[in-house]
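Right after this note come the structures.
Next come two complexes built around chain A: one with chain B, the other with chain C.
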Partner chain A sequence: MERYTEEIRKRAGNLLKEGKVDLFIGYAGGSVPMMNRPILVRRPEEAELLQWDSFCGLNLANYLTGCKERIGVIANGCNSRNIVNHIVENQVKREQVYILGVPCTGMIDRRLVSSAVGGKDILSVSEENGTVTVETAGSKEQLNKGDLLQQNCRICTHRNPVIQDEMIGDPVEEQKGLEPFADVSEIEAMAPGERWEHFSRLVSNCIRCYACRNACPLCYCPTCFVDDSRPQWVGKGSDPVDTMTFHLMRAYHCAGRCTDCGACERVCPVGIPLRQFTRRLNRDAWKLFAWEAGMKLDERPPLDAYRPDDCNDFFR
Partner chain B sequence: MEHVGIEPGRLHFSWISSAESTKFVDVAKAVSEEVMSLGPAARLVKKRAEVM
Partner chain C sequence: MKGLRSMRTGPTTAMTSSGRARSMKEQVFSKSDWLKRLRALAGSTRIYVPVKEPEFHVFRILGEGVEPDFDYRNTRLSPKAIIYPSSERLFECSLDEKDPACNIFKDVDKDRTPLAIVGIRPCDAHGFGIVQRNFDNPEYKDPWWVSRFESCTLIGLGCSSPGSTCFCSSVGGGPFSEKLLDVLLWDLGDQFMARAVTQKGETFLAQAGGGAEADQVAKKKAEEVEKSAAKRLGRTISADRIRGKKINDLFNADFWEDVAFGCINCGTCTYLCPTCWCFDIQDEVFGKTGDRIRNWDSCMFPLFTLHGSGHNPRDKKVQRLRQRFMHKLKYYQDKYNAGVQCSGCGRCVQHCPVNIDIREVADRMNNV
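What follows is the complex of A and B.
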């Protein structure tokens, strides 16, 4: 991990020095442990701020939307897939971005770390070879990184960037033999009434802060439907029906586009497992169209193209 | 929608050309019959705010 950080700093600094990019987007340490933040670097000397570890879970493709400059960007599997999405959806041009590929071994869910140390204040977190050392005021604990991974990283099959100009380190081995949609089947096994109860309970704590939308690289509409007031598509208060409408509509807007990067879940202040909404759509995209979002630059997404062999009768 | 618990049969999609009037009538009839048989919707229905 430290080796990657050094390499990233060196190469980002060089790119800026050589004038190959106008700015470089990466991650920097946050003000508290486990809360890395995205950073835009414009001067070569600022490249020292860049960092890479298991808390780089925010999706950097979010910052490429509509950029006119030449941009260097760090990309692991999901970042790279969302960059592909952005290129396919004409939000940025391929030649504008210089992608520094980083193999990824999964991002850590800070909530799991917190509960593993009994909710104590965490002073620092470091990791080496799959072991995470957590320092609290009175103790130092060693944890296994595999137990702390975000849910989406546990079932990830694209840890290496799918597109890059330069690679840092050797590609890591992809996870194999996983049951990718077990979570969806679990919900499907419930009766309709139970499912409604389940999803209603999920969003019952939602405070409508829209952090999920803001962190999502797919949500780049100039005016989101929830912010519109003429017409006002959905109520702005905390009415459970409005909240459910927001989550359903947001999920639908991500159909065939979601890369399951987990940024929405990561940023939710009340810990709603938001992926449960998008997962079913991801499975449909896979089952009906053999489609995984953000894998190819030269193929239109399934909901963007007509095919005579469409799976729906009414469409043919 | 079914995945989050809206009853199967409450939501329909169809592709009807402006020239297919008979298909429109058939679909509209079939949809209303099926929805009627399900009874009033209880899920995702916004109730008017209660005023004290």
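What follows is the complex of A and C.
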């Protein structure tokens, strides 16, 4: 992963120099370990700030919404699929974006790194060829990147961009033979009451900060239903009913659109495994409509199109 | 500052120039005995302790089956919610038209159970001092906040190993600062050394009982722990020049767009912060009763400043982000002349999903 950084800097700088794009959106190293930040590069010399490694888990499609300029953007599988979503949903035009494709071998979940070193204060993290070196006060540990991947990356089958104008590096081999929805089956096996308990427990720590919603590239509504005040659909306090309403409604609004990029889980300050809310809907989209979100520029998403061969009787 | 600590009965001995109580009798408690004594007190006082949950530490009420973990860095959420809950019912009324008191709001009974937060970090205690300026000042006294804070004893646990994102000592605190604390504890391995800072703290220790007077060995050890902690504190922030700058120069500085680019306008920074105090009042109806509720609010949310007319004076994220830092680092300094509205706990630095770092922003403002 990390070896693409130089090439990204060079290409982004050139795109700006050549005037092919007005802006370039990518990631820069952060001020604390494992926390890269999205940055907007305007001048070729600023391209030196760009970085690509296993801590680029925020979805950059989020930053394209409503842009008027010509934008260059770094895209691995997830970013590219959400860019496709954005184009299909008219949030940005295809000709506006210059996609610098980059293959991905998965993003690291910083919580797993933290627990791998027993919760010690992490001073620095570096990676080389799949080995992650974690420095804490008084110790240095080498870990295997494969053990530290975000859950969604473990079952990812689209590590390479599905759409790009130029590739940095050769595509990586896609993961095969995975059981992508084993997690869904586990929850499905629960009795209804138990399942309700399970989901209630998941959100019991929720502080309604909306980081999940705001990090999600799908959540671009000008006013989210939870923010409406005339009428007010949902209470704004910490009542569990309101919190659950927010999570369920948000998940349903992502049905057939979610690319399982994992940004929601990544940003949650209290560690809620938010993908559990969207995973079943992703499987439904797959089972009922043979649909994976963000793969095709020329097809409407299943919940936004009428098809005579729809799986539901009432629809035909 | 005057009057701010009025509710805290003053220190029992003279303060040295460094603000530290001098020649206070320190006591030592064996850790296992300390816990037993806390449990005994838990019958009459609601005692909050740090507890390790799967992902992080939280303050929970000490009760059966609750195992405190004092060997912790800090809780994910600050303990501000213990005094100032994220949602709090202030008034209630009947909506039953047959009820003569229909539609008349009445106070909800205030809970005055004695509280103690045991193991609170000095930065978070300092945070209460900052929030206090808003809820308890000569002009306004917020009855809910004040009554709860008055009934609370803060038993601080000095930070033997501050984290890499901590910067308490550059915002008027320190890993062993006694600010706002009633008791300060030093972790000496298998013992705690305790110093009562206020009368309230002394009473708490007396009620707990079982302490032995600290000898020179313990005191020496505590001093060493303190020294090594000071050395471990990482980056500092400087906000000293911000106060002398014109609001407009800071407000119109050219770096805000840059800082705001990545911001997703979530409430992580404000909700994890021990010093953010903004709230929103909402009326809710349940059957035939109505509640008036106070909820935490966040200046990061567009709804925060949305006018009834539909106009929003801060409809862009850059305006909202600027407000947060201007309030913490400029307006607060100007208004209260008591440093910045930040106690250096580093939660926002650690958990901002897009790595917006208040230490960097302070530097940039300081250098405008």
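What to note about this one:
To be clear about the criterion, the second predicted complex is superposed on the first by the 314 of 316 C-alpha atoms of A that agree within 3 Å, B and C clash if a C-alpha of one lies under 4 Å from a C-alpha of the other, contacts with A are read in each partner's own complex, and residues count from 1 in each chain.
Keep in mind that, in the parts below, a contact is a pair of C-beta atoms (placed from the backbone, for glycine too) under 8 Å apart; a residue touches a chain by one contact, two chains touch by 3 or more.
All values reported here derive from a predicted model rather than from experimental measurement.
In the overlay built on the shared chain, the residue A:Asp121 is in contact with chain C alone; chain B does not reach it. Look at A:Cys221: by the touch rule set out above, it reaches neither chain B nor chain C.
Residue contacts after overlaying the shared chain place A:Pro192 against chain B, while chain C stays out of touching range.
Counting the residues of chain A touched by each of chain B and chain C gives the higher count for C. In the superposition on chain A, A:Leu303 makes contact with neither chain B nor chain C.
By the document's definition of touching, both partners, chain B and chain C, reach A:Asp239. After overlaying the two complexes on the shared chain, residue contacts for A:Val270 are found with chain C alone; chain B is out of touch.
According to the touch criterion, the shared surface of chain A, contacted by chain B in one complex and chain C in the other, consists of residues 235, 239.
Residues 54-56, 73, 76-77, 85-87, 161, 163-165, 232, 258, 261-262, 264-268, 270-272, 280, 282, 284, 293, 295, 298, 301-303, 306, 349-357, 359-360 of chain C are the ones that touch chain A when the two sit in their complex.
Of all residues in chain A, those touching chain C in their complex are 30-32, 35-40, 58, 62-63, 111, 119, 121-123, 137, 207-211, 213-215, 223, 227, 229, 235-239, 266-267, 269-271. Residue ranges of chain A in contact with chain B, taken from their complex: 184, 187-188, 192-199, 235, 239, 241-242, 244-245, 248, 277, 280, 312, 314-315.
Touching chain A in their complex are the following residues of chain B: 1-8, 13-15, 43-47, 49.
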